[in-house]
Structure formats: structure tokens, C-alpha cells
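One structure is given here, and the rest of the page talks about it.
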Amino acid sequence: MPFTEAREARDPHPAAGPAAERVRRYLGVRHTTLSLAEPLSAEDAMVQSMPEASPAKWHLGHTTWFFEAFVLTALRPERTPFHPAFGYLFNSYYVAAGPRQPRPERGLLSRPSLGEVLTYRARVDEEIAEALERGMPDGIADILELGLHHEQQHQELLVTDVKHAFAQNPLRPAYRPEPPRRAGAPAPALSWLERPAGVHALGAAGAGFTFDNERPRHPVAVPAHALASRPVTAGEWLAFMEDGGYRRPELWMSDGWAAAARQGWCAPLYWLEDGGRWDQFTLGGVRPVDEAEPVAHVSWFEADAYSRWVGARLPTEAEWELAAAAAAPDGTFLEDGRLHPAALRPREGVSGPRQLLGDVWEWTASAYAPYPGFKPLGGALGEYNGKFMVSQLVLRGGSCATPRSHIRPTYRNFFYPDARWQFTGVRLARGP
Amino acid sequence: MPFTEAREARDPHPAAGPAAERVRRYLGVRHTTLSLAEPLSAEDAMVQSMPEASPAKWHLGHTTWFFEAFVLTALRPERTPFHPAFGYLFNSYYVAAGPRQPRPERGLLSRPSLGEVLTYRARVDEEIAEALERGMPDGIADILELGLHHEQQHQELLVTDVKHAFAQNPLRPAYRPEPPRRAGAPAPALSWLERPAGVHALGAAGAGFTFDNERPRHPVAVPAHALASRPVTAGEWLAFMEDGGYRRPELWMSDGWAAAARQGWCAPLYWLEDGGRWDQFTLGGVRPVDEAEPVAHVSWFEADAYSRWVGARLPTEAEWELAAAAAAPDGTFLEDGRLHPAALRPREGVSGPRQLLGDVWEWTASAYAPYPGFKPLGGALGEYNGKFMVSQLVLRGGSCATPRSHIRPTYRNFFYPDARWQFTGVRLARGP
Amino acid sequence: MPFTEAREARDPHPAAGPAAERVRRYLGVRHTTLSLAEPLSAEDAMVQSMPEASPAKWHLGHTTWFFEAFVLTALRPERTPFHPAFGYLFNSYYVAAGPRQPRPERGLLSRPSLGEVLTYRARVDEEIAEALERGMPDGIADILELGLHHEQQHQELLVTDVKHAFAQNPLRPAYRPEPPRRAGAPAPALSWLERPAGVHALGAAGAGFTFDNERPRHPVAVPAHALASRPVTAGEWLAFMEDGGYRRPELWMSDGWAAAARQGWCAPLYWLEDGGRWDQFTLGGVRPVDEAEPVAHVSWFEADAYSRWVGARLPTEAEWELAAAAAAPDGTFLEDGRLHPAALRPREGVSGPRQLLGDVWEWTASAYAPYPGFKPLGGALGEYNGKFMVSQLVLRGGSCATPRSHIRPTYRNFFYPDARWQFTGVRLARGP
Amino acid sequence: MPFTEAREARDPHPAAGPAAERVRRYLGVRHTTLSLAEPLSAEDAMVQSMPEASPAKWHLGHTTWFFEAFVLTALRPERTPFHPAFGYLFNSYYVAAGPRQPRPERGLLSRPSLGEVLTYRARVDEEIAEALERGMPDGIADILELGLHHEQQHQELLVTDVKHAFAQNPLRPAYRPEPPRRAGAPAPALSWLERPAGVHALGAAGAGFTFDNERPRHPVAVPAHALASRPVTAGEWLAFMEDGGYRRPELWMSDGWAAAARQGWCAPLYWLEDGGRWDQFTLGGVRPVDEAEPVAHVSWFEADAYSRWVGARLPTEAEWELAAAAAAPDGTFLEDGRLHPAALRPREGVSGPRQLLGDVWEWTASAYAPYPGFKPLGGALGEYNGKFMVSQLVLRGGSCATPRSHIRPTYRNFFYPDARWQFTGVRLARGP
């Protein structure tokens, strides 16, 4: 079943009213995932280039299984699943939902075919749409809402996993033509936004959707500090490299130095040296590094070393969130279609922090941990966030591969300190 | 480019005469490879389930590259290769032919697509066919001949690699429907064929094609011994298992015991216990083990332990070749389309060894080593066989996945003693 | 040079006065290390049972090198080191102090002999004592003070590393006879100490010695919570085990479940099942688990899973420190010579938390990170604490192998969440 | 118990006659082992520098256990073993004799102490000596004889394992002072000893002691060939290195090239580059490479690559044995105390092969396999040789660390093709 059919099959709901609106919203999010997969051949959609990444086909199946397992089955426990093995194949990590395909072996699944997975999506979407039209109990509607945010997370992962997969191919294929881009202008000078010490509330309150890990809102003592007005640029990163940043152990955490040696890091992921010039592999193919762009694809270890080199530090998530609460979003998001962080345009007469949302996820100094009073969701969905709350670091702000409607100032992402394949960058802080 | 087109494109040579005959032979072998790939989707053709196995698409590309690199380039050194990167992507291990895609990462190559590889095949076949019609210098014709035997080796590997790939998929897909099969009749009783001690000639002589490793013919002192009339059957193997064969270290080589423990062996590869009954995964799907069939997918370590358990030993390659020189071929080959070893039918009034050729490769007691006076081919093709002549064991006779025209009594195959994914079985010997 | 000589050589300072007092203090700490090594043969002192542990001989040499490299060389830069290779052999991880013996290969050093290392100690001690008598510049006296606390840390590591080494030996040797012990009495009931929400100061202030990582003192918002009156006991841990605690993934962090599976955890380290009864290996040999003792040798992952099972959580380091600031120390320390956590004796009329200091290090929920305004020491000693401030968890309170004079309420220890060979235990918290 | 006491305790047998002779022979061999361990401290005797090597203390215990388990227990089944755990600790690989200490963890055994192991030796020696005086049944006397040859094998391993252990120590300790040595004279020119094709008998016959793997004597067809008159020298190896021998994949087996890359080989083991000059670590410390010495400490992979570089090949074991049967022994053995291969002195008027026995083990082209009709010993001792007969290569001739009385022309040693820590060298062959 080609992509077009799959999409048409799922858009028969032109009616007005709140139910139709709910259906439109659901299908809109689901449609975005399909659009992201559309430039891929069935072969492209099968590649798993490392255990941490998943094939695009698996993302398409897994997000569908999420709605089937947690929404459709909750609505009609007696319902026969679309396929008896899809629970096994497309469960990611929900131990309570049963055994599953080992993560590093997702790339071996030539069957089901991409076509079968698209049919699976179409069928589940139809059932969900009908259910939405009929109306849904509140508890289940909440899970559906969670499923849509879950789908958006996988949109970003699909993009970053494809980038990693294509980067392994010596043909260096482009995912799609690179959109036109303003190059050559330097980034605005970095300035520092001061904030005196105080006790502030951190985390989400109120009725809008958030993940469980953003709650409850709680007081945090924040020291006097200054936050950088914009992310670190590729040009600034080059200066770090030229000053021996990757060869000076005194700048690095002990574990970071070991990771850099073991993996041979000497530049951000996807940077390629070509006769003294630095190119980078992007989703539009290989092109020169643009010094005005925010640097991306650096690990926490590198971000931390860079901040020490420059005499600063990474911000805590509280410091970051305080700034973001007041900032106007001016970053690049998935909807912009660039799939690459963009150089910041100068903006007259504005002094607030820029690109806090969008462009690059910003590593914080904060370990990922439960907020005081954290309550995970009930049942298998309690595994969504809580069981990862150790050994990872919080990132904030979303990236050029994050849907605009998905991100918010209280949003907490998390990765291990050596992860580099996301669009991860650096915002500095100083003080006290 | 679908398979049909690819095939038609390459069959425009209805003329008669020796040149047309050469073309027909070439296209016949090449066509067989395509037929073997035809049941596979582009996704199936991408799976690499372990470093030792390769995706079907890679086999299709590599065998084509062999003709391009060693035949077309030799004919016209100024010729522009079909694609500048295919030398890198499809070189297997010829160091003299340049750098290459790391073997364990062949499964990451979603590009070139299967269609592009089929086009590559069609173009190279056209060029080769034209060159064959024009006539080819002897030295290059010899390489072309080698290329056809090389292609046949990859036909077998394509089949065994697909079997391994599909076996990893929890859906247990069938490569094609299983052909009808006579089941239930017991295998003929095993008898022993005695031979007194003597000095015999081993290896190939004469003008027909052989690999370099089969030459030169040379004398070998062979002790008095007896060779089993047929391979060990699955039923006999079950008796070994039931007698604790996999749990008795005294039956095993030290390295074999360690390999069995490390990999958790308790039955041949692809055997699946199902409530006390043994099933097996075949290229036609899962079905019960047939006790009359030759056992397959056992490593040398297992074959060796079995032979010790039964009070016998594995034959040397000299003992095996002496018997094979005189035997009538009555085994199962690739052309039979079974892709599984077949139970032996009783044959009245015949006392010679049976199934020496076909059905299962038979592990020998002989380490793979050069014959006295061995001369490897010149240039990059000298790497074809010679550089593997240590740490592997010789197998003889071909299997149900070997083309009939490819195998002969002097043929030497070789694998590491823990390899199990080929159709490898056991013939016993005794004495002196 | 036997231990006695070594000790005598270093005690010729009977004079009175502040200089003599400083010498006595220095030699006292150094003498304790020797006493701990004294039950060991030269062979015992060589064992390195895992990369994370070090041979006792290495501890003896490394602590001496610390004084030589950072005190004696600072006093007299022109001084010839005791041995040209000892800097290489006995540097632990100070990159700025030069290259060093790879950590996992410390156990290969049969040379220098234990005798030579004892001589090295004696010589360095003599030089230090003389320098102390002459008087020392303040900056260097501070480093000497740091060296003594460093020495005390290695006293604890020496003990825990010997325990791990002896536990690998099938003879299960005792380090020394087990001291008499009160067994059989149950632990006092656990009660909860409530504290309302508030902003409190965390960390060290004032003039006494602390490590750099305990500073600066800074405000922290602490939620309303309750802290357990005593650590979890071995008997309570048994109940967790009997309720399937090690087999229920829903209780575990994702990384913890993987670690438990990989390493086969089903009880605390050093617990041995013997026909349905649980014994444990201690420094006094193998003896039954005493249910009233605090459980020890559990990883953070286990502590976290246990706390979830019991419907509680681990305390943050702020919660812990607030309680400890006011508590009377009543735990077991190195000086007690038990080298094992002791069952708590009931104490009439006292309601405060018990065993906060001593017996077992208590895992907290807090990731090890710099306090706001953290300033590492200058030079190579800046590597002492700072470069480990990621991926580890804070432990508080010291253990039965910690010198009493070494521990204090603001003290921060840190280990990876899978570490088990220290005397690590669990204190629970609840709320908000 | 110091070495002297241990030795005296075992030498109270001054009487004459065949029994006394047997006792003297037994104690003589046992005494040699002690002498080899005597330069070692208890700490030295504990080092295990890789899984393939064992601590000297373990060799001392294991060889004693061999006599206890296979001789004393056979004589008196009711006898109480010296220590209940020594069977576990000192069994090497005899599965039939029970479970054992994992090989890679032999270096963790600080207990039993070296003194206890020496006492163990003394006690077992006393018991054996008494039993020998009383007279022993033939079957058991045969095992005792085997035990003495086993002891001699461990004498060589003790020496090579100590060399490997000391080489890991940055202090580069000398095992004992290097004996005086004639340096500077070039090696005699290499000549070739021709032999026409023929069928010859290979292997041992007759009544003297041999291992089971040397039997039975059997015919082998040997091609016309020439054998080098002496081993390859270090000077010749330098020429190979200078010609890029370690950087030219076309010279290497595929597995060898991978091993060389993985382990970073660029010279024989123990060679150290020092400012353009090559030194080597010997049991007498570091000294310059002597170009006239036979090269040692090269793997089969290196030996094979060298022979290809020079246009020759390695001899088969049949070719080697034919030459050795007639050659006069003129090599260096353990008794000479050099513990290093010696440069060959010119010998007037003699044309036969030299240094066939002694100096360096010579890699052959022959895989280690059973001779036709091979019968392993009965019981646990059947594991002595037979279970290693796959994946290893045969070496012949003994080395400077082999006792003269231990080696003979039919002796078959065997190692994996990447082993380098034995005194392994190269003799070339050519033809047919």
C-alpha cells in the first residue's frame, strides 16, 4: 500500500464540530509521521544503524501499536488485535505489556513489509477515528492525548535515526534536497542575562497536557547566575577544537575523557574533515559547516568540556526554565522543514534569550531525576518516563526536529552523557 | 527495475554457435542467481543477520562486481566503472583490489536499492555477453569461468544466508512453499565400506575447471579404514541428544565444549523444541524433524563429538575423495528446488556409498591446508582461496543448496569448526 | 622490612608542643593504614580482583606517593624522588601529574615488593615528620591535611578491596577472627521522622577541613518529608527477596533491571545460599546473615527497587544532611574493629534518627553534581573530586570501615549505581 | 617454608639400587622445578599476566596435584588428600577429575601461600619417594613417568609465564643475571638440505616413553623438498620488518592480518624500539637484539608471512621429523641456563641441519590432529592431549627452556596460530 493510499484512507472526516476536530487533530499528527517517512524507500525504512536507533518502519509500527494496545484495547478488551505478533514486534520497553523483540534486532525485521505496516496504520487510524466520533471516556481520551505526544517524540526520533543510518552509508544519501539557506552572516554577539538568587517554582501546573515527569510544580532555590543569550555556534566550537579542546584532559570529566578516547571524538558527530576544511553530513547531504549555526550533535561530555574551556558552565534545568518561561519562541522546528539548526538573525531592540525553544536541545547540568512528589502514570504507562530517572542528563527546549506543538518550557528530555545523534547543542551559564 | 525486466534485458541472444553457447552458459548461471532472489522483497534482500552472512542484495552486487572488476576492467582498462562507489561497496575481501565496506555493516546499505543493483547486473551482463560474442583472450576467459563458479558459490550462500535471516524473524516467514516430500519411511541401515591401506593420489588433475586449492594431484598414504554408506540421520542425532550428547564433556574437543556452552547448543541449529517434539525451521517454514533425513546444520565440533559418541571418527579428506571418485551421484542439489536434505530412498542391489555428493556438506577430519606444491592464482585473485588455509576444516560433497554443475569429488569447501548455518552434516569413518 | 620495623622507624617523636602534635597526628593516621595491612601476607597484598579495586600494596604506595608528590616536592622542588618509577606506578588518576600504570593492571606488580613499599613509606614519613617539626607554609600544610583525609579514604578502600579479593578465593580466608557479636535480638521498629517543607542551607561552612565538593554552603528548597529512623535491615531485605523483589521488573529502573540480569543478582553481594539458609562472607569468614543488622553491599539499583517495593523512596542528600546535622553519632566505625555493620541496640527515650553516621553508607536519590559556586582546588589536586561529577550517586554517612574522624554530616561520597563492594546500605524516606 | 628446607626435606635417599635410582630420578625432576622458582619472591610467584599464562605458584601446586591425584590416589584410594580444596585449585583442565578454579582467575589465589604450596610439594614428594622405594605396580609407574614429563612441560611454561609476567612490569625486572654471551659474530649462511619424494614412517615406535599423540608410527607420503639448515635469525627478521613485512597484507593469512591489526604487531613479542634501535626484553633484562640469534617469540601467523615473503614455506611435521631423526642435537636447552636462544657457532665440515632440537620451537605447516589409529590414554588422562586436536598448529624441536631429557624428534607441541609467548621461531622449507 503506497503512502498516498494510506493517507487517503485515513481522511474521510470532513464534518465540523468538536468530535470532527478531535479526529482532525489525531489524523494531523499521524499524517505528519507518514510525511516524514515518505522520502524513504522500504529499504531505507529498515536500517538500524546502532542499538539506540530504530528503523523508520519500526517507528511507524510502534506508534500505531501504542494506540492499539493502550487505546483500542482499553475501549474494547474483547477486540482481536490486528496481528497476533505485532505486540511482540512493536512493543518498545513496556515490560508490563509483555515480551518484545530485542531492541538491537529491530533491523532484522524485513517482515512485516513497509506496506503491511502502512495498512496497519490505516486500520488503526480508522478505528480510532470512529471511536473519537462516537466519543471516548475521559481516562482513555487522556491516553490518546499521551499517544499523540508519544507519536511526536517518535517523529523526532525517526528523523534523527534516519540521519544516523544515512551517515553510515558511504554513498552519503540525502534524505531530501536541502532547503535554501542564508549563509555567511555572523551570529549576533553573545550576551549574558543576569538573574539574582531566589526561590522559584519549577515544573508544570495547570490543566494542559504535560508528561508526568514535568510535575508537580515545586519550589527550587536558584543561585545568582547569568544565562547566555544564544546557543554556542559552530564557529565558536571550531575555536575550541583549534585550541586543543579534544586533546586536553583537564577540561573533561573523567568518564568523558574515556568516552572521547574510546570513540575517537575530535569534532561533533557528522563533521567531516576534508583537506583542512570542515564539512558536515546533514539530511540534505554533505555541505560546509556554517560557523553562524548553533553547534549540534555534541554529547554532554563535550558540552561540559566546552563550557569549562570558556570559563562558564552548563545551566541547571531550573535556570533554563526560568528564562524560557518568559522568552518568545523564535527557533526552528520540525514544521519549518529545515531539519537543521539555523543561524540566528539579528533582532533589533530585543534583549531576551533567543532560540531557547527549537534549533538544538540544550544540555543542562541537571541529572534526570523525579521532581519531589513525582507520581508516575498507572499501569504499563507508568514505565513511560519514570524508569529512566538515573544516569541521564536533562535537555531542554526542543530542536529543529521537534514539532512546535510538542515543546514547552517545562518539557524535560533526557539522554546519556555520551549520546550525540540527536540535535544536541549548548547554552552556557555563569555564576554564582 | 523488477526481476522480470532484468531477466528479459539479459536474454537477447538466440543465435547458435560456440559464442552463443558461451553467452547462454554465462546468462544461465547469472539467471539462476536472480531466480533465487526472486521470492525476496527489497526488504528481505537487505537483512544481515550476523557478520558471517551477507544480505541477498549484497550477493547480487558482489558477484556482478567480480565480473566487472576482474573481467571487464581486464578487457578494457580505460572503461569507466558502472558506479564509482561500487568497488568499495561490493568488494568482499580482495585487499589488492582496494578498501571495502566493513563486512559486519553490509546490512546498513539501503542504497543502492535492489532495483539499482538489478540494473547493475543487467548492464554488466550485457557488456559481458557482447564481449563473449566478440571473443575473449584465453586468460580472461579463464577468469570469467572462475567468475561463474564464484557466482555458484554465492548462490548457495544467498540461500543459507536468507535461511539464517528469516530464522531470526519471530514471524518465521517461509522463503517459498515447501515442495511435497515423502515422509515416514526409515533411512536404509548404515553399512561400512572397507578399504585397505595404500598410497593414493589426491586432488585434481586434467583440464577441467577446478579451484586452485584442489591442485596439484599428489600421493597420500591412506590407512586401512571403513567409510559409512550414508550420512548420519536426524533420527540418529536424536539418539545422541537423548543420551546426553550435549552434556557430556568427555565427548567433546576442549574448544568445542567451550563453544557449545557459550552459544547454548543443545540441538542442531534451526531445531525448535515444541512440547517435547522437535520441529525445525526450513526454507518452507517450520515443520517436524524427519528422522530419516540426513542431519544438517551441525558444527564440526558437534560432528566430532557425535562420532566419538558412536565409537567412530570423521573421515579424512583423502578417505572421502577415494570413495567419491567411484560413487554415482544420487543426492539432492540446488536444481532440485528442495533446499533441504532429503531422506534416502532404498536402492536395491547397490552397495556403494550414497549421498556423497549433494544433500549435506560432510565435515572431514582434515584441516584446510595447501596441497604440496599449491600455487595460488596470480594478482588479486590469489586471495581467492589461499589466505584462508589455517584454522578451518575441509568439507566435501556439496549440499542441497549447491548447484549440481558446481560440485565434484575433488572440491574442497572450508569453514571454522563452530559454523552451523550451512547445510553441514556428518559421514562417519572407522579404523585403522 | 617487616611491619614492626616500619612502624618503629616512624615513631621517634616523643616531644611536646604543636609541632610534635602535628607529627603525632600525621603518624597516627599513617600508622592506622599499616595496621590494616598487617594481617595480610605479601601475596594477599598483591591481589586485584577487579579493575575498580586495588591491591593493598598499591594503596600503601599510592597514599605515600601522594605525600611525596604533593607535599615533599612542593617543599623542595629540587628533591630527587625516592624511586624514579614510583610516580608512574602509584599515580592513581592525576592526569596533570603524568602518565600512570593502567588501573586494571595494578595487580601485576610483584615488584616493588611489599618490603620496598614499606621502606618507601618509612622514608617519606621521616621526611614529612622532619618537615612538620621545622614548620610548613600554610598552603602546603593544607595539602598535608588533604593527604591525611585522602589516606583515610584509602583505609576504607583497602578494607573493602581486601574483602572483595578474599571473597574470590574458594578457601574463603578470614582477614582476621570475627570479633564477638550480639546476635539474635531483633532490630528496633522503624519509625518516621517528619519535617515540614522549607528552605535550608546545605553544605559546609566554617574553617574546619572539608573536601572541595562539600562547599559552598547554599540554600536548598526541601519538601515536606519523613525520614526513616534507622537503616533497612537484612531481615527486611530477606522479605523483599521472598516477595520476588529481584524478579519483578516493575520495581526497577530500566538500567538497574539490565544490570541485575547481566550480573545475575539475586541477593546482596557476599550473600551465599546454603541449603535454604543465607550465609554471608565477612572479613571474619563465612557466617549466617543476622537479620537485625543493617543490610550492606547493595547497589543503588537494588536500594531504589527496595524502596519502591516498600512504598517509599530514597532520601535526597539535603533531606539526609538536615537530619544528620542534629543527630548524635551512634554507629560503628573503623576504630571499632568490627568491619561489619552492627545490629542496632534499643535506646530508651530517644526519638532521633540512628546510625546516620557509621555502619553503612546510605545511598541517596541525589546525583553527584557540583554545588552552586563549586570551586575545585588548584593544579593537579583540582582533579580530586570535580572530574567525577556525572553519572554517579551521592552516598552519605560513612560505614563500619570509615574512620570516625574522617566522616561528618556534610561529607559526600559517590559511586556508580551498580557498585556493591562498599558497605552500602539503605535509609528510606517518604513524601511529599 | 623456604626453598632450602623444602629441598632438603626431599633428599634423604642416598641408598643405591634401582629403587633408589627411581627415587633419585623423580626427585631430580622435581628439584629442577623448585630451582626454577627459586629466584622468585612469593609476590612474583602470584602474577598471572594473561589467561593463557599461570602463576609460578600455580605451576608448583598443579604439578604436585598431578602426582597426588593420579599416582597417590591410585595407589591408596582411601588416602585423605593433603588439602580438601587443592583438587579444585590445582586441577588444570581434567573435566573427569572434577570442577576447578577458572583459568583466568588463578592469579587471585593469595592463599594457599607459596610456603604452603612448598610444604605440599615436600609432603607429596615424600609419599611418592616411599612408594617408589616400596615398588609400584606397572600401570601406576607409567603414570608416574607421565607425571615427570608433565612436570617438565610445566618447567618450560613456568619460565615463559614468568617472562611474560615480568615484561608487563614497567620496572622490567630481570629473573636472574644474564649469563655471559658471545655477541657480534654473524650466523652461518643458510643452506638447503634436499630430500626426494618418498613414503616414510612418521611418529614414535618402540618402548621408550612418548606421549600418546606421537603414536602410532604410520606411513606418510612426503614430497620432494628442501629444508633450511638453520632457523631464521633475528637479523633476517629485521630485513623482513624493514621491507614492510608487517604492513603488506598480501603476505599474510586473512586471520593473521586481522590478528596483527587487532594486537598491533610490528615486531616479535618482547622487542622494544628505542630511538631507532631494537632492544629485547629477556629473562636477564633488556638488552639489544643480537642479529645472529634465532628469532623467537613470533606467532605462526608471522612465521607464515615471513616464509611467504622470502619465497619459501613452513615445513610439514613429516619433513621436519625426517630431518631430525638423523640430526645431532646441538641446541640450547633448559639445563644450559641461558633461557634465551643462542647464536649458532660455525661448525666445520658438517652439513646436516643444526639447532633442530633446542633454542626455539619451530612452527610447522601441519595442523595438530590425531595420527591414524591414535588411541588416547584411558580415564581422566585421556584428556591430556586428545581434546586439543583442532585449531592449533604443531611445533617441533623444543627450545632453550625445554629440558634436554624431555625433547625428542617425534615430540609434538601445539599452540594456536596467534601465540607468541613461548620461544617460538621459524625454520624454512621449499618445494615441491
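A, B, C and D label the chains in the order they appear, each numbered from 1.
Keep in mind that, in the parts below, contacts are C-beta pairs under 8 Å (C-beta built on N, C-alpha and C of every residue); 3 or more make two chains touch, one makes a residue touch a chain.
Note that the structure is a prediction, hence the values are computed from the model and not measured.
A.B. asks: Using C-alpha centres only, name the chain that sits farthest from chain C.
C.D. replies: Of all chains, B has its centre farthest from that of chain C.
A.B. asks: Measure off the straight-line distance from the CA centroid of chain A to the CA centroid of chain B, and report it in whole Å.
C.D. replies: 46
A.B. asks: Centroid of chain B to centroid of chain C, CA atoms only: how many Å?
C.D. replies: 60
A.B. asks: Averaging over Cα atoms per chain, report the distance between chain A and chain C in Å.
C.D. replies: Each chain reduced to its C-alpha mean, chain A and chain C end up 40 Å apart.
A.B. asks: Could you list which residues of chain A touch at least two other chains?
C.D. replies: Answer for chain A, listing residues that touch two or more other chains: there are none.
A.B. asks: Please list, in label order, each pair of chains that touches.
C.D. replies: Taking the chains two at a time, the touching pairs are A-B, A-C, B-D, C-D.
A.B. asks: Note which residues of chain B are touching chain A in the complex, please.
C.D. replies: Counting only chain B, the residues touching chain A are 41-47, 49, 85, 88-89, 101, 105, 107-114, 165, 168-171, 173.
A.B. asks: Sort out for me which residues of chain C touch chain A in the complex.
C.D. replies: Listed in rising order, the residues are 93, 95-96, 197, 199, 218-221, 223, 225, 249-250, 252-257, 300-301, 304, 365-367, 369-370, 372-373, 382-383, 387-391, 393, 417, 431-432.
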